[in-house]
Amino acid sequence: MNKDILSINIAGVEFRNPVMTASGTFGSGMEYSEYIDLNALGAVVTKGVADVPWEGNAVPRVAETPSGMLNAIGLQNPGIDTFIERDIPFLKQFDTKIIVNVCGHTEEEYLRVVERLKDQPVDMLEINISCPNVREGGISFGQDPHGVESITRKIKETASQPVIMKLSPNVTDITEIARAAEAGGADALSLINTITGMKIDVRTRRFLLANRTGGLSGPAIHPVAVRMVWQCAQAVRIPIIGMGGVQSAEDALELMLAGASAVAVGTALFADPAVPLKIVKGMEAYAEEQGLVNISEITGAVKER
Amino acid sequence: MKDKKRRLTAAVVEQKEIASGIFDLCLHVPEAAAEAHPGQFADLFCRDGSRLLPRPISIAGIDREKGTLRLVYRISGAGTAAFSGLHSGEAIDLIGPLGNGYPLDEARGRKVWLIGGGIGIPPLLETAKELSQSGVCSKITSVLGYRDKNLFLADEFEAFGEVLPATEDGSAGTKGTVLDVLKRCIPDQDSILFACGPTPMLRALQTFAAEQDLSCWLSLEERMACGIGACLACVCRTSETDDHSKVKNARVCKDGPVFRAEDVVL
Amino acid sequence: MNKDILSINIAGVEFRNPVMTASGTFGSGMEYSEYIDLNALGAVVTKGVADVPWEGNAVPRVAETPSGMLNAIGLQNPGIDTFIERDIPFLKQFDTKIIVNVCGHTEEEYLRVVERLKDQPVDMLEINISCPNVREGGISFGQDPHGVESITRKIKETASQPVIMKLSPNVTDITEIARAAEAGGADALSLINTITGMKIDVRTRRFLLANRTGGLSGPAIHPVAVRMVWQCAQAVRIPIIGMGGVQSAEDALELMLAGASAVAVGTALFADPAVPLKIVKGMEAYAEEQGLVNISEITGAVKER
Amino acid sequence: MKDKKRRLTAAVVEQKEIASGIFDLCLHVPEAAAEAHPGQFADLFCRDGSRLLPRPISIAGIDREKGTLRLVYRISGAGTAAFSGLHSGEAIDLIGPLGNGYPLDEARGRKVWLIGGGIGIPPLLETAKELSQSGVCSKITSVLGYRDKNLFLADEFEAFGEVLPATEDGSAGTKGTVLDVLKRCIPDQDSILFACGPTPMLRALQTFAAEQDLSCWLSLEERMACGIGACLACVCRTSETDDHSKVKNARVCKDGPVFRAEDVVL
């Protein structure tokens, strides 16, 4: 087999394969490294990190829903200092790319993290402007095209690594946001983050999550992810990392046919930690079966019926 | 290189209903049994593809020779209801063992009090067995709280020491809770308490242990997703900033489920 | 048992119980009347009807997704003339309320249907300003607050029956749209319509639906429906009919606790035509168990944890 | 009042694989068997709650006395793969019988040609049986198209008349398709054709029947949701505006699946 059949390039960064972990579902890889060989991943995308430690929301933070789950972790993280001291050195032991997901309440907070990461050996930054579980900032950035363009521009001015803007699906027109990120200079887009949802316990009449609302992820949202990736692929020229409900090679390939250059796996890890590697294998088989020289040939290659 | 952990497929050896809605499940899953310690749990997957998240169930018995794990659970929703329909020979997937388990070494030379409430009783059974077999502790007393006179598993605890049951309806043992038993026969300073049960019971026990200045370990429950410490779903408040989170949040699935009583805020 | 424990009132209309059928999943009830007693339903909400017959989209029009489905029927309907001649007389045989769902490409088309229904024995109108499968009009009305307010006002001026505006979930802020409908004089809101999604066949590399995109419905979207009903219930005073993924009494009760006065069942019918009646029974049991005098007591009664 | 139709639970009597990936399933479901006609279908539900929509499968055999239905299907996705794992005694839910079925009366006194392609063959078997038992037609010829020499069900058709197989790879019967058979032995004007198979085959047959001016009925396939005519998912284009839709769209599940060849646009 052609060793490079799955290798891809996004914004100048070479990835062994297009399969990444979705931010927040994989920590910084320590725990899952007991279950899978991190060297086999295209990239590890880390849990969102802020300038200082964040406590996150009260528990319960998760609830199960049909073919999905709600989470309202609230971006608990140990802060950039610990991240640089502990998580980056851990990840550097492996031969995989490192994408650091960045969060903040305000532009300044984002910029402080990006500044701190400037001379760090990480490959890309993924800017989470779309977390629905943070009340102060987060969602407002991600839902307003002007805000998106402005923060993207500022981050690009500061960052030394290529910048991926991670978009919220909770918008009327995702292409408007995608174009704003592109206009601000984003090197790539990640989509989709979670869709805001809610669950209520009818016996106790209480919200199941302490935060009331949470982000819906998992197979349930996959069709929405495919649609949004496809819409954005028509609207922008920068590469797209697709995510949302990927649990099989087929799901990953669907996102690629819709226009993604790579995919990330999140919730499906909780059902089977080996899923990313199974997807890599499935992609290899597909690429050979379809006679591809390289998997990137299928990016955006969906045809009319 | 050590083999990676993975989602395992266990075979049901047998299953029986030991009290109304409470099932005793024996699984053949040698890789998990070989590693398991009392107080750890397994994360069981549903066969129905619409239910993605695993169900954490404590390990109530380990037979490393036979390669089996024993789980005792109560039907409390769709997942556990589905598990209750499993027959001998059928398969069920799981990951585990997970979490830390009870610190049996801390019991060295001490009088151990096992305090269980309801569906928190099962994990204490393997704890009793291993403490007894290793001979590490000087005495084992089991204080077990039930709803009514169906004292499931109580007879099995008797093999390891005195059993002091409490029932909510007073139909057997002390009427009331495990705390009512403890307040009658207060453990001395030589004692160590290992507990598992509903949060109100743990909270009362935490206060009691603090008042009596007793060494006490609590097994906590929280909603989980990954089960292995990656997603930060299952945190509990801690008294001090912990080293992993840098905030006062420990992970029940990874740093627990067993915590020193004074370390957690319930 | 208290016979009226489930009876509710929306905009002056008395319903036997809060369980309705979701527009487009039940036709005008003829086919399902072989499976369930229409007299046992709170209301039949009919398939969207336009001023003239519509052909709808090419096939395939549906695709299955995890715990859900995509549809792009494209509002095929026989037109208001046939509807008045055939469907209304059929429904009048039953002792249930009739809610007619109205669609159009332009304001004029909506108004023509509303005008024709003026002297018809139907109980309420539900205006579908949110169908994502019609390219000309539909979605644009439903996503723009000014458009929503304006069309609501015009319909209210024409209609002789109370008017329910049915909202699209494909918006950044559903409360803005809900408030616009209220400002335009809507008597009630229905939400949610389907979330736009897409599915691709990775072997053929083709869109699974002829229309490319389709509307996601079914249990997968239930958490989003609960969230949006709850948000709108905080934002407006008019009653809400909740829908989206209801397949059990619990799901229905969740929507009511979030703020719905009634619920509609759609996709779940395809898995079991008897679901609406099972929900009615489950609601009765819940109401008794919780010691309610009337089920409407739980509308919006969700509590903090 | 007549009992309402409903989702039924059928018991698997037996199931066997009769060709690679093709399964022959016998279900005990008396309420459905009592009503069924050849050419109708049943809508089978998956046990996995993440797959909501029913799978339409044609009725290949009806035993009204035993209360059983026979279904023959090919694994073509997750749902049919799950069905193939069903064992005797297990349960599967369905609604049905659905659709119109073949108009057997139209065959009165005529020579019937049953034209089946691949997994379109099974529904013609019960059609052959009922035509033969009722004695309504003068002769039955079955033209059956297969991929290769695994001529599943062909032997059973022999009981009712001549069988003319065609195989894509030429390993048995005529090399080619059912059309190649028909073009060799053209049915006379006294004939009526009942067909089921892939759309390209039906399209070719439609043209052939028009050219030869033959009475021909086609069983169509389309993606479905409700299966009973309510949702308008499964329409096919018709030559004339039909009375239900007021546009040129008939419902395959309700108005079909069997249509007069000249009435539909393929």
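Labels A, B, C and D are assigned to the chains in the order they are written; within every chain, residues are numbered from 1.
The working rule: contacts are C-beta pairs under 8 Å (C-beta built on N, C-alpha and C of every residue); 3 or more make two chains touch, one makes a residue touch a chain.
The shown structure was predicted, so the numbers you read here are calculated from the model rather than taken from an experiment.
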Higher-contact pair (C-beta pairs counted), C-D versus B-C: C-D
Distance from the mean Cα position of chain C to that of chain A, given in whole angstrom: 34
Distance from the mean Cα position of chain B to that of chain A, given in whole angstrom: 35
Intercentroid distance (Cα basis), chain C paired with chain B, Å: 47
Multi-chain contact residues (two or more partners), chain D: 49-51
Residue numbers of chain A (touch at least two other chains): 66-68, 218-219
Chain-level touch network, classified as line, ring, star, complete or other: complete
Complex contact set, residues of chain C against chain B: 66-67, 219
Complex contact set, residues of chain D against chain C: 4-7, 45, 49-54, 95, 222-236, 244-249, 254
Residues of chain A touching chain C in the complex: 65-68, 70, 143, 170-173, 195-200, 202, 204-207, 210, 212-214, 216, 218-224, 226-227, 230, 245, 250, 253-254, 257-258, 286, 298, 301-305
Contact footprint of chain B on chain A as seen in their complex: 24-27, 30-32, 34-37, 47, 53-56, 59-64, 66-69, 71, 73, 76, 78-79, 82, 218-219, 267-274
Residues of chain D defined as touching chain A within the complex: 49-50
